[in-house]
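Below, chain A partners chain B and then partners chain C, in two separate complexes.
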Partner chain A sequence: MNTYKKLIAATALAVLAGGMTMGAASAKTFVYCSEASPEGFDPGLYTGGNTFDASAHTVYNRLLEFKPGTTEPIPGLAESWEISDDGLQYTFKLRKGVKFQTTDFFTPTRDLNADDVIFSYERQWKADHPWNKYVTGTSWEYFAGMGLPELLQSIEKVDDMTVKFTLKRREAPFLANVAMPFASIMSKEYADKLQADGAMNQLNQKPLGTGPFAFVGYQQDAVIRYKANPDYWGGKQKIDDLVFAITTDASVRYQKLKAGECHLMPYPNPSDVASMKADPNLKVAEQEGLNVAYFAYNTTQAPFDKVEVRKALNMAINKQAIVDGVFQGLATPAKNPIPPTMWSYDEATVDDKYDPEAAKKMLEEAGVKDLTLKVWAMPVARPYMVNARRAAELIQSDFQKVGVKVEIVSYEWAEYLDKSKDKNRDGAVILGWTGDNGDPDNFLDTLLGCDAVGGNNRAQWCNKEFDELVTKAKETTDVAERTALYKQAQAVFKKEAPWATLDHSLSVVPMRKGVEGFHQSPLGDFAFDGVDIVE
Partner chain B sequence: MLKFFVGRVAVMFLTFVGVSIIAFSFIRLLPGDPVALLSGERVMSPERHAALMHDLGFDRPIVIQYFDYLWGVLRGDFGTSIVTKQPVLDQFFQLFPATLELSVCAILFAVIIGIPAGVFAAIKRGSFFDQAIMGTALIGFSMPIFWWGLLLIMLVSNTLQWTPVSGRISLMFFFPPVTGFMLIDSLLSGETGAFKSAVSHLILPTIVLGTIPLAVIARQTRSAMLEVLSEDYVRTARAKGLGPLRVIGVHALRNAMIPVVTTIGLQVGVMLAGAILTETIFSWPGIGKWMVDSVSRRDYAVIQGALLIIAATIMIVNLVVDLLYGLINPRIRH
Partner chain C sequence: MSETTVHGGVSTDSSLRRRLAEFWYYFSENRGAVIGLVFFLLLVLVAILAPWIAPHGPADQYRDAVLLPPVWQERGNASYLLGTDAVGRDILSRLIYGARYSLFIGVIVTSIALVGGIVIGVVAGYFRGWVDTLIMRLMDIILAFPSLLLALVLVAVLGPGLINAMIAIALVFQPHFVRLTRAAVMSEKTRDYVIASKVAGASHLRLMFKTILPNCTAPLIVQATLSFSNAILDAAALGFLGYGAQPPTPEWGTMLADAREFISSGQWWVVTLPGVAILVTVLAINLVGDGLRDALDPKLKRS
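This part shows the complex of A and B:
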């Protein structure tokens, strides 16, 4: 019997002796009722948050990490970094003595070094790298999505503990990108062994990194098990074992939490939150999510190419009714395209006032009569919009008051995403965005930049003034200067109104009363480094 | 007999090809493609999209893709999931025992309770018991599975604390699967309390999945029994002075069972549909949930592979049954 099994057996006996029947009640086994099965365990290959929770935030680390509870990049596997004066070279000094996990399937013989960093990036970057196509349909989605293939000039090993990244152009969000899950640092030694054994796909099934928890096993669609990494450079964990009990239905997750079968759950039903707060055995953490839901007009099509029409329609939408009716109050009406928790958010922005009478008048003045508008309602719930159909119905009734007829349309999710990108799309789209790295560029340029027209820019809105401000901010490393530029960009956005900004939802995390040390992430991550149970 | 066998196998092969065409083409008729879904809300550039479609072979003519797939299937290669990057066959056999275990328990539950209830209702026709049993059966039949599952969890698991909420076994047990059937594996593990835990986890999903078949079987048994009980040979048996148990148990029930057995067979299809919801409610790692998730992810290989394996399994079972019929009843062979 190996050590882990002994531990489990001892825990089991202890629990049984206590007359308890639930696994979650064992002394230091933390059970997280996760919302979905991970797609795999290589964070470079995927985009799903639950996949990152099961790999990047447990098993792996990155050169930089986001400070717990914030989006501020702090030293991770790199203990320091320097940026050259021209803003093109980033030199990272690696932390010494960082050990990779020792598991049943691999025993490392060396500590982290520059080779691991170079391997982790080049496998995603270089098409001729042996790991670039190591599984069927390999697609380095985030690496490509964040524009790194076009941005990187070179990655060099300066010495064993120093790595230098050279960029083709100045790009301030690069540091935040380095802290993202896709940039997790793998063990080259482990990868070499898998390659030699002809078992490369194991990298996506049996992950091994430097993170706080070592992977133990995965029973598909049911349970993922980890043990605390005793050699973790960030210090010993307070729990011994971490278990993800995959529970896809939110109501069932709540029942499991109530029954003590898990300690913490993500994404509760908004309607359950009040009773969770009333339960003496539970506590509920709340934080404004790093997201926005929007209603994007097609600004290339008449009459929505007129600012005054868009403004009038924005004034006809009762956002508070959406917040109350769709989110049961667990959201705030949005006035800017970036969330309030993000740096450079412009508090001074004055939102379009809900005023159906004035809106009706404005539409008349703009010469709009008998307008019919298609409103696209997403078929799925996302953190920023939990019931788009309901929101669309509320907008329908709002628009009716100003004489605009609404036809609600919806498509299957894949089709919805695809069709809504179309430059000739008929109608306005309800959609949203959750930040990837906490940088305003990730909202403003990604969703509203001219390059994103026909893609993420669902308003098909290309405004020269806005685009220049955002591009300039991207190339500037000084945060104060960037903040000023982004605030100007938000003012242009508000004046031009390519979207009606609908809401920023609250991220709500219910947990057992005894859970301590859990930091809610604005990025929506569930990371359990430093978590403890004091029940 | 050989001619009969060859004929059946030929029909089976043609059916298999038909199913493969349907499975292959239907999922492709759905709008949206799997590559675009990989990036979610984050839009992929048209160049990257085209490159990935090429890598996965989705840019080839559909007929070539189909024959390529069929050739793979005939060699036992059902493809690889575009999402998990794992072979479909491996995943199927990892998940199928869970669905099978649950389905067998649910059908046993439905039969063991449904048949006696139907017989009892038929004997006491028109009585309070008859009304109560048939009324309950009607409610059971009309019960939305999801609602019923949640109701039982709230009542039995949380209020009464008799059973766990979901999963296949308590998280404190951790042993490698041998057969994939938790009841068997828990016994083989030798760990104290594991079997008990596996049974306790099975109770609610079994009840939820078995409720509709139970209602159908009870109603079918009742009507079949009523029909048989009015037959002359039953009256004769009674007239001969046979005891009620013998008349009902031997003479009536045996004949009434013929349509009931057919009904039980038909419930297998209902069971698979119900398994999708039951597996979702009880976090039961089976193929139902896996297939539904794969449809929304456009994971072509998984959907077509799983459909083909299920169809092939049913066809083989039917073939065996047909051959057995042929052996028992020579008239069928002709």
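This part shows the complex of A and C:
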């Protein structure tokens, strides 16, 4: 019942917003049916993609931005940058005349300068910074997750428009890190004012930055409103108002899109995509997502500590059936742990052939009999795996053919993530990963490195050879050299088979016919700068 | 108009046969109840004969026949009469095997709730005093929770699974039986035949279960029928929420949950058929329950 009320409220607001602007000559309102409420509006504090869409990609900018539709870092608030020869010092030259947004809750008196950059980083870095713990019960998860607290030596203001970052060691992915949502640049002037007013948590509720859209208001679980920032350094947007109508159910989102209540929606049901494509009022953008779904054995648990057993089980899984049955074909079977759109992807890898007969023989040769395996199925839909239970059922039936009994287990999502990290976990877990910054390190080291055992390394797999290759690649800046190292690492991965790689899903974005200029992000972001509606 | 037949037909029969005939007379007057009973008996038959009449195994996946529509639609295939689901399992076979689970759930849940409820209820109603107060307050507490929510909490504690779901639902249903039994026992306890039996030296146990209980059965039978259908519904709901039967068990609620994504796409049969199965079964049992009440409740007898 409640959901319907919210829907009605959201719709009413959207209509109202549209109606009010009708008066002005050609005011355009763009409505995005987002999939969930933002956790807050400070992108440093959270990890949810929908939170970044609502803050980092609308209100804020970063020193570097990802070029729309790619994972290539391009100048953002930093006009140019220099890297010292030892690879430890990064000097960013800031863009001149970048104005912060003027809203009804704050009027800036100065342009962007080095203080804002230092403030944005230090608040996440230094435990004694007054803004370090301004929202209780949260932490700077991404900042810590990317290893920045250990990596950063210092951040200095060279002059008003120049900032110098000094690192403790060489780190090739650093430039990509700087372009990630958590590194959004805030206004120190605004923060100072909030601090003086004793209203620090407003920073997480009323965001203010340099981005293309200025925050207008948020109605909990219903609607977020923005207006185009007239002072945006990249020029004013073609649309005048941006509305996020929060609609958690994929079927309801589709209905609203069909009715023209919103212009664009994320994450459709795979089974709806065919009818979306057939609808003359809609168009569907497709792109290979920067993700992978995997089936991670616990490589410390007998008999899955044996390579032959893991290989044999990999050969027993019919990946095409998962692609067809779970994604209705909107995915590709995976052979490498990184997606094909990522640089250094090894085309030459030969995938384990689906061959239950051979798999059965291999298991017999390895002396495995009457094997029972627990398979963990995620309780939620993620872009890389929209229905893990069904995938688990398919694997269950596949394994039955080679004489392995499967028991499917599932837990509540937070518990699932937590429990599956356990080194003594019983069984194999279905999970996946969507890239954060387009660097292979973000997959190979984050998910399979020795440091990640007991954490993101759900296979609990620590292989010396692999780890050395990945660590060396991280400390190398030359891309060709890194590519070679990552290709070797993928070969080691394939030989050792700590996972069965399941699929890379297509990311599908349905929108109204009249929407133009939307760039599908390989990182799964929904950013609306440059979007226009042509009716 | 039919009174003459009754009196003419039953008066010469022995007591049990007469009572049965009388029961059937009132029951069969309710046409819905008879239809419900016929359907229910058919379902029992289908459930028992499942391995022989189901065309395929309930967990067999036919990878080349994914999401086939029922046979009467275009693309339909005669070997999958009601179509197949997203992983190529025959829906008809799954529904047939699912009938086993639903009936099994109904029988077990009702039996546990009924037996437990009767024992506790008779004790409370017979002894009264602090025993009664203690038991009834406990039952009030259980009744104060929305039943599905309490079942959800119990399953969350016990762990998901069909058996745990059944235990949870039985516990939630128990208080209804306790209350009914207690009320009936209290009204019977002061009757002359009970006192006579007591004076003759009958033990407490004999008084409770041999003398009083047989006279309280009518409302219990009606309540048991209604619980039977409620149990099927609640188990389906738990299955739908992912707390009941686990895959690949062909339980109807679980099948429904698995088909959720097809609600607004073209594959209506994956969602609709398990839903229809639940609906029709529950309706049939409720109709039978209605008929039973008509036949057993003296206040409703029109004679």
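Just so we're on the same page, the second predicted complex is superposed on the first by the 507 of 535 C-alpha atoms of A that agree within 3 Å, B and C clash if a C-alpha of one lies under 4 Å from a C-alpha of the other, contacts with A are read in each partner's own complex, and residues count from 1 in each chain.
Definition applied: a contact is a pair of C-beta atoms (placed from the backbone, for glycine too) under 8 Å apart; a residue touches a chain by one contact, two chains touch by 3 or more.
Since the structure is predicted, the reported quantities are computational estimates derived from the model, not experimental observations.
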| item | value |
| --- | --- |
| Combined model on chain A: chain C and chain B, fit or clash | fit |
| Chain B versus chain C as contact partner of A:141, first or second or both or neither | first |
| Contact breadth on chain A, by residue count: chain C or chain B | B |
| Partner chain in contact with A:153 - chain B first, chain C second, else both or neither | neither |
| Which superposed partner A:84 touches (first chain B, second chain C, both, neither) | neither |
| Chain B versus chain C as contact partner of A:107, first or second or both or neither | neither |
| Partner chain(s) touched by A:221 [first = chain B, second = chain C, both, neither] | first |
| Partner chain in contact with A:393 - chain B first, chain C second, else both or neither | second |
| Which superposed partner A:281 touches (first chain B, second chain C, both, neither) | neither |
| Chain C, chain A and chain B - angle at the middle CA centre, rounded to the nearest 10 degrees | 40 |
| Which of chain B and chain C A:251 touches, first, second, both or neither | both |
| Touching partner for A:325 - first (chain B), second (chain C), both, neither | second |
| Nearest Cα pair across chain B and chain C, whole Å | 8 |
| Touching both chain B and chain C, residues of chain A | 251, 255 |
| Chain B-facing residues of chain A, complex | 5, 8-9, 11-12, 15-16, 21-24, 26, 29, 31, 37, 39-40, 45, 47-48, 133, 135-139, 141-142, 144-145, 201, 204-205, 217, 219-223, 225, 243, 245-249, 251-252, 255-256, 258-259, 261, 382, 411-415, 417-418, 421, 431-433, 452, 455-456 |
| Chain A - residues contacting chain C, complex | 250-251, 254-255, 269-272, 274-275, 318, 321, 324-326, 379, 386-387, 389-390, 392-394, 396-397, 408, 410 |
| Residues of chain C defined as touching chain A within the complex | 59, 61, 63, 66, 86-88, 160, 242, 246-248, 258, 261-267 |
| Complex interface listing, chain B residues touching chain A | 30-33, 35-45, 48, 52, 55-56, 80, 82-86, 91, 94-95, 150, 153-154, 157-158, 161, 164-168, 170-174, 177, 191-193, 197, 280-283, 285-286, 289-290, 293, 296, 298 |
